[in-house]
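This is the structure, below, for whatever I ask next.
The letters A, B, C, D and E name the chains in turn, as written, and every chain counts its residues from 1.
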Amino acid sequence: AGQEISWIYCGDKIDPIHEKYIKEWEGKNPGWKVTPEVVGWEQCQDKATTLAAAGTPVGMAYVGSRTLKEFAQNDLIVPVPMTDDEKKSYYPNIVDTVTFNGTQWGVPVAFSTKALYWNKDLFKQAGLDPESPPKTWAEEIADAKAIKEKTGIAGYGLPAKTFDNTMHQFMHWVYTNNGKVIDGDKIVMDSPEVLAALQAYKDITPYSVEGATAYEQNEIRAIFLDGKVGMIQAGSGAAARLKDTKINWGVAPLPLGPSAKGKGTLLITDSLAVFKGTGVEDKAIEFAKFITSPGPQGEYELQGGAGLTPLRPSPKVDEFVKADPSWQPFIDGIAFGGPEPLFTDYKGFQNSMIEMVQSVVTGKAEPADALKKAAGEIDAFK
Amino acid sequence: MGQLFLNRVQKFFGDFEVLKGVQLEVKNGEFVVFVGPSGCGKSTLLRMIAGLDATSAGDIVIDGVRVNDLPPVKRGIAMVFQSYALYPHMSVFENIAFPLRVENMEEEKLKAKVEHAARILHLDQRLQQKPGMLSGGQRQRVAIGRAIVREPKIFLFDEPLSNLDAALRADMRIELAKLHRQLKATMIYVTHDQVEAMTMADRIVVLNAGEIAQTGAPLELYHKPANIFVASFIGNPKMNFLPVTCIGASTAGVEIDYKGQKATIPVAPRQGGAGKELTLGVRPEHIQIGSGDITLTVAPTVIERLGAQTVAYASLDGEGENFCATLPGSAGVRPDQALLAGINVADCHLFDEKGIAFERQVELTDIDMNLLNPTAAA
Amino acid sequence: MGQLFLNRVQKFFGDFEVLKGVQLEVKNGEFVVFVGPSGCGKSTLLRMIAGLDATSAGDIVIDGVRVNDLPPVKRGIAMVFQSYALYPHMSVFENIAFPLRVENMEEEKLKAKVEHAARILHLDQRLQQKPGMLSGGQRQRVAIGRAIVREPKIFLFDEPLSNLDAALRADMRIELAKLHRQLKATMIYVTHDQVEAMTMADRIVVLNAGEIAQTGAPLELYHKPANIFVASFIGNPKMNFLPVTCIGASTAGVEIDYKGQKATIPVAPRQGGAGKELTLGVRPEHIQIGSGDITLTVAPTVIERLGAQTVAYASLDGEGENFCATLPGSAGVRPDQALLAGINVADCHLFDEKGIAFERQVELTDIDMNLLNPTAAA
Amino acid sequence: MKQPHLLINRYKWYEIIGIYAGILVFLTFVLAPFVEGFLVSLKPLSQLFSSPYRFIPENGSFEAYRTMWVSVPGFARYIFNSFFISTVVTSVVLVLVIPAAYAFARFEFKGAGVLLGAFLAVNMFSGAVLLIPLFRLMRSFGLLNTYFAIMVPGIAFLIPSAIWLLRTYMMRIPRELDEAAFVDGASHFYTLRRVILPIAMPGITVVAITTFIGSYAQQFIYALTFNSKTEFAPLPVGLFAYFGRQEVVWNELMAASFVGIAPAMIVIFFLQRYLVSGLTAGAVKQ
Amino acid sequence: MSVQRNAVIFAWILLFPAVLYVTVIVAYPLVDTFILSFTDASLKKTTNWVGWVNYGKIFNSTFAEVIFRTFVWTFFSVSIKMIIGVFGATMLNSAVPGRALFRVLTMPPWVVPMAIGIFMWGWMYNGQFGMISGMLQRLGLASGPVAFLAEGSTAFWATIITDVWIGVPLVTLYMLAAMQAIPQDLYEAAWTDGAGRFYRFRRITLPLIVPSMITMSMLSLIATFNSFDIIWILTRGGPSGETTTMIIDTYRTAIGSNKYGEGAARAVLICIFLSIFCLCYFRVTSRLASGDKR
């Protein structure tokens, strides 16, 4: 009897590489069929959740790893434990993004990190050395100031719209200053490291794109592509786009804060979650592991342009980086990077963080107060 | 069958009592005309009979069945609305055909019927037009057409000819009379046209402020109005009224005094009336120039020459009331030229202080006016 | 000032020519009544004068200014619509006050005016009601009220009294006449009521199928209709027509032969008419029983007793035409009892084969009917 | 142009200018975002965002109008689905709503007000909250992943406002017309069909357009959640196919939007003729 | 009375299909939502009855602010929609050549899937690349980019304008239909009495479309109160929560955080608010509609 694994697949269409490997897997598992349903990015996760909540879960869904904790706690998904070998095959810290209660709840399928892009032309116009990007926050702020004052063009692109990404961007700063939001079950956000990050936000705002709260990262990136901002932090996708422009650009690891221990970044992964109660859980796990195994995954993530960072080190990756050194900073950050903090009510947590950032950026609150307030709020979302 | 009985029918709009207990029996096949001042409740009564307005109290009985709760169609009536109520989206043909379509009449028969009605109503040229393209009179005729193609037990007409010219109106009158004879249907007809009322009615019902003032055959109302209201309402121009004093009564009638002139009015006498203030009524058409049992010298202020008749208006000194006389078309009267108006007692009406008429000793041999002795009225 | 001149005014609705070149001059302060069969174009003409319908051809001139392209308000007219056109959302008061509100009249003066108009129209009790709660006649009075509170140069009334009872209608007639005198405004008035037309008009315009059939003072139309159409349209019941043969003409008039009876009709003679088929017209009210210059033996089939008058209808043998006589209310006629109807030649009208009248030798001393010698007409 | 019969409809030159100016202002507001959208559809993706703002795009082309069909091959199907779904939904809604609106407009009965309010209450809950219970309902009816999954809830949520709109419109039709029909022996139903329906045409047209658009373009969330099959997906869902992995293909998305709304615009164009004035001309003396 | 009873029965027959349909499809979800509002339903498989707790939770410090903002937002949006809609309908109601085309050209904002329309506004509001900011700079009215969504105050109005834009076609269309139903002879009568176009509009058109305006504004009020996509796509309720309305709040709770119980409580609350509001509105306006007191 044929069985079916339904898969909510985010995006506009199924990646040809996935299509190829689905066929391959189906070939190896006669009687089994994988039926991906393509759902737009905005809605795919909600749809998976709704279906699960309504009692007809899909076999497998592409979700942000941050939601795994919530799914797990509510008994919607099954654990997908990794063997030590498997764990080891990934870059450091990646497995953490899917780990909760000591086991893994999803299979990472996509990974992204950020680096600093800078516009060499603007640096030159501002009298800065176009070949030396800022290494620390202090330099970054100073460079931004110089650009703003000398050229009248914004020095830094700070996205602070009410969007997920606003928190992500801030988390990059937290992780480049060795900060932490939650440690185990304890909120540790109200720390000097995080405060410094927030203070830096406040300091760089005057030299940032006017109206930070109106932009999210893609919009900021568009401004950068248009040459109207000196520096942004963005994923690998920006590089591919920059190649189509006339802009002289460089990409470097994210600048570090005073308490940094090394290059850091926020590690965001998306995972394949396997839902409980479908009767095909085991097969789904099997398929999930297959489709994210080094072969298919490597082929998938290194197509370029998609803005993905490789999940696993491999000779192929090294080759790739050699061919295009702009990949290096994205991989460098992984070492001291941190995961998205896992909260039961992740959205609640995120809203508080955004609120905090916005209140500082718009000057409505002092960093210390904002931080204290947010730290208090997010306790409820653990 | 189309026998109708209204039993103490009342109608309130909010607190406003429009009909105050109307009691009326209409025989099958009778032609009853409702007349009354504007706003007295004629349309309302018609609408209640039709079943469009709910009855606040009382019963409406058709052919022995209390129909208060029946919808219009079950009452077997057809109605011409005062406001026409044409279907604006349908051609004249379809408007007239509507009731037949409802009955699912076969196309050919329907067409014949509609075309017949249209011919009667002089609408044959307009059958394909929409109501919006018609003149007022044409619309009204369409509304009539819609009622007459059906053959109901009871027709209700609400001022159906008011927008037609005299010639057409005379035509229509004849057509409706013909229809009445043919179908032997009961017809209830509201009109403001006295000629229509007098010529068409078997019986006229005079309504006044929601009450029946009098019911009777046309000539009965004309010759023997029951009260001042009916006396003044029936007849055009309206009856002249003179204040008189009662000085006595005898079998010959009631003796009165008008400004020193004494006369005996041949009405059924009542006892103990002496000294009372009464009202003498005389119709303009009964005024003759020169002599009479009672005479008045009046100087007409306005002379209306209608061709066939001349109407002279004067105001009686002292009283604001107009005094009016209908004279032959060729009458030699001139404005402000005083003349002697003579009144014969046989033509007079007499009303008591409450406006109730003394019964005239007019020799109406019978209530059936067809047998009326033509010499009875002056 | 309110002088109006219509110069070959035409109106087409699509291909249908409703008005076929109407030529008319109305003097300032004149009271002109339009009559004509239903659908002949009266309302259309009024709407064109008002400036509501476009003129297809010709000029409308008010006080010497061609107003074809001016909006109504610049023409200084007020109009009562045949369809009332009341504002359903406004109380009676506001409906009547509307034109004054437009003028921004101050509240107190406005109130006084509206209340005055309402009193005249017997609407004082209804001022706070909405049109939907009014009877047909009440609505019509509101429409009149709206026109009369303004004081325009020209009033246009489209059958303003058609839904009123005789008494109220007489009242209103007097009020409108009063208004006419007071304001000295020009009034153009459409009616189907012959009495209204005859009494109110300085001049009557008879329209027939979009053309003016005749214009003239009321009595002129009555006594000297220009053609068969006017002769039959004016006067109620309508004129009787008899087919006669011309046998000659002299200064005394035209000699005719009706079924062997020869008579000389006192009309302006025309040459060479001998042997032609003419039409003799005589009004029902000019028929007398017993004798006459020409006599007919007829047996009335229908007798209508209107009280003041009796109308007898007979059909002349051979001809389908009805023959009608208006007799006194007390006339001793009975259905199917043959009688001798006499016609005096002095009362007769004569029409040629095209329907054009021979001018009657009636001594209308002047076109001004006020000076009319009362003995002129039979 | 032929001069209108009615002089009241003739305008002075300054009135004409005023009216056209008014229309211009109004349409500017209404269409401005589409200008922006249209410009986007003409630009190559790489230079979608460039400042300073230029009204006329540099080397714009209609390329996106071609590639949109290629990058989302099912797009024609989505349009068809939307069209089909909307047509069915509109028909059903009209069939249900016309009698109901008539009942509310013409009959006085106990509970009319409450019922009318209850219909409104349906619209007071946002779709998002009702999603899960509705989903369960659809599942128990076995309607998931069919055209019905999209139509059935769509109809339910379009009914209330349709009833309200039509009821208000019908209340303006002179009551005498119904009465005349009843007197002529027509049943209520016959009256509704032959008298009220034609006269209420402008109101019905508005409701039809509203419903059609509502289900053609606006009802997205049910279509998304209750249906997983691409072959049944309507236009709004289909348009999301242009949202790529990282980047939205804006130019094609816009081109597709323009192409997608064209059929609905054509429908409106034909329906708007029924918004004719003077439908009650000559009906009653006012 | 039985004429009445017959009519009532018939009325119910007419209503039955619609009522049945809506009941079958919507009643269950509505009741379910209502029940849910007293539970702690979430992604968890088990739900517990918690009584009024969910309602208690709503009334926190920001709640009053959100409610107030929602009402203000709705008020402005509906009023502007009505004003522009009536204005547009008036223009499109004039007998000028090309009006059929103009009527159709009014419709696109409504025909285009809502999200797309909102994206287009998003671009217009964009400070760097947007049309409005660009035009302002061109015309020298602004010295630099104006990011409309950056400030609470401008974002508030920006979302309102977008909502207005999406709602205007329907209002216009409906008002147009209402205007077309006014008998021509009323205008003619007013015209002969000297009333100019504007006066006729004010004294005849306007009062006669009031019933339609009441209906439309109420439907619009409900839709606007629940208007979600616009704010969500443009600002997500930000910045700093300054465009957060009740429905955004509800969505965040119910869908964002998967707290179905709490979300349901908020939804029920919205319904209660709206019901009360509609009732009052209807009371007030129907009195207003029945009198033309100038």
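Going forward, contacts are C-beta pairs under 8 Å (C-beta built on N, C-alpha and C of every residue); 3 or more make two chains touch, one makes a residue touch a chain.
Given the structure is predicted, the values throughout are model-derived calculations rather than measurements.
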Chain labels contacting chain B and also chain E: C, D
Cα superposition of chain B on its sequence copy chain C - rotation in ° rounded to nearest 5: 180
Top chain pair, ranked by how many C-beta pairs fall in contact: D-E
Far-end chain from chain B, centres as C-alpha averages: A
Separation of mean Cα positions, chain D and chain B [Å, integer]: 57
Interchain centroid distance [CA atoms averaged], chain A/chain E, Å: 37
Chain A and chain D, separation of their C-alpha mean positions in angstrom: 40
Where chain D touches two or more other chains at once, by residue number: 4, 6, 8, 49-51, 131-132, 136, 240, 278-281, 285-286
Sites on chain A at which at least two other chains make contact: 53, 222-223, 226, 228
Contacts with two or more other chains, residues of chain E listed in rising order: 4, 128-129, 145, 183, 185-186, 188, 191, 255, 260
Footprint of chain A on chain D - complex, ascending: 46, 48-51, 71-72, 131-132, 135-136, 139, 224-225, 228, 230, 240-247, 249
Chain B contact footprint on chain C (complex, rising order): 13, 35-39, 42-44, 82-83, 133-138, 141, 158-159, 162-170, 192-195, 198-199, 218-219, 222-223, 232-238, 283, 285, 304-309, 311, 326, 329-333, 369, 372, 374-378
Parts of chain C lying in touch with chain E, wherever the complex brings them together: 50-52, 71-73, 77-79, 81, 83, 85-91, 94, 98-99, 101-103, 146, 150
Contact set on chain D toward chain B in their complex: 174, 176-177, 179-187, 190, 194-195, 198-199, 278-285
For the chain D and chain E complex, residues of the former touching the latter: 1, 4, 6, 8-9, 11, 15-16, 19-20, 22-23, 26-27, 29-37, 40, 49-54, 95-97, 99-100, 102-104, 106-110, 112, 115, 117, 119-126, 128-134, 136-137, 152-153, 155-157, 159-161, 163-165, 167-169, 171-172, 188, 192, 202-203, 205-206, 209-210, 213, 216-218, 220, 235-236, 239-240, 253-254, 257, 260-261, 264-265, 268-269, 272-273, 275-281, 286
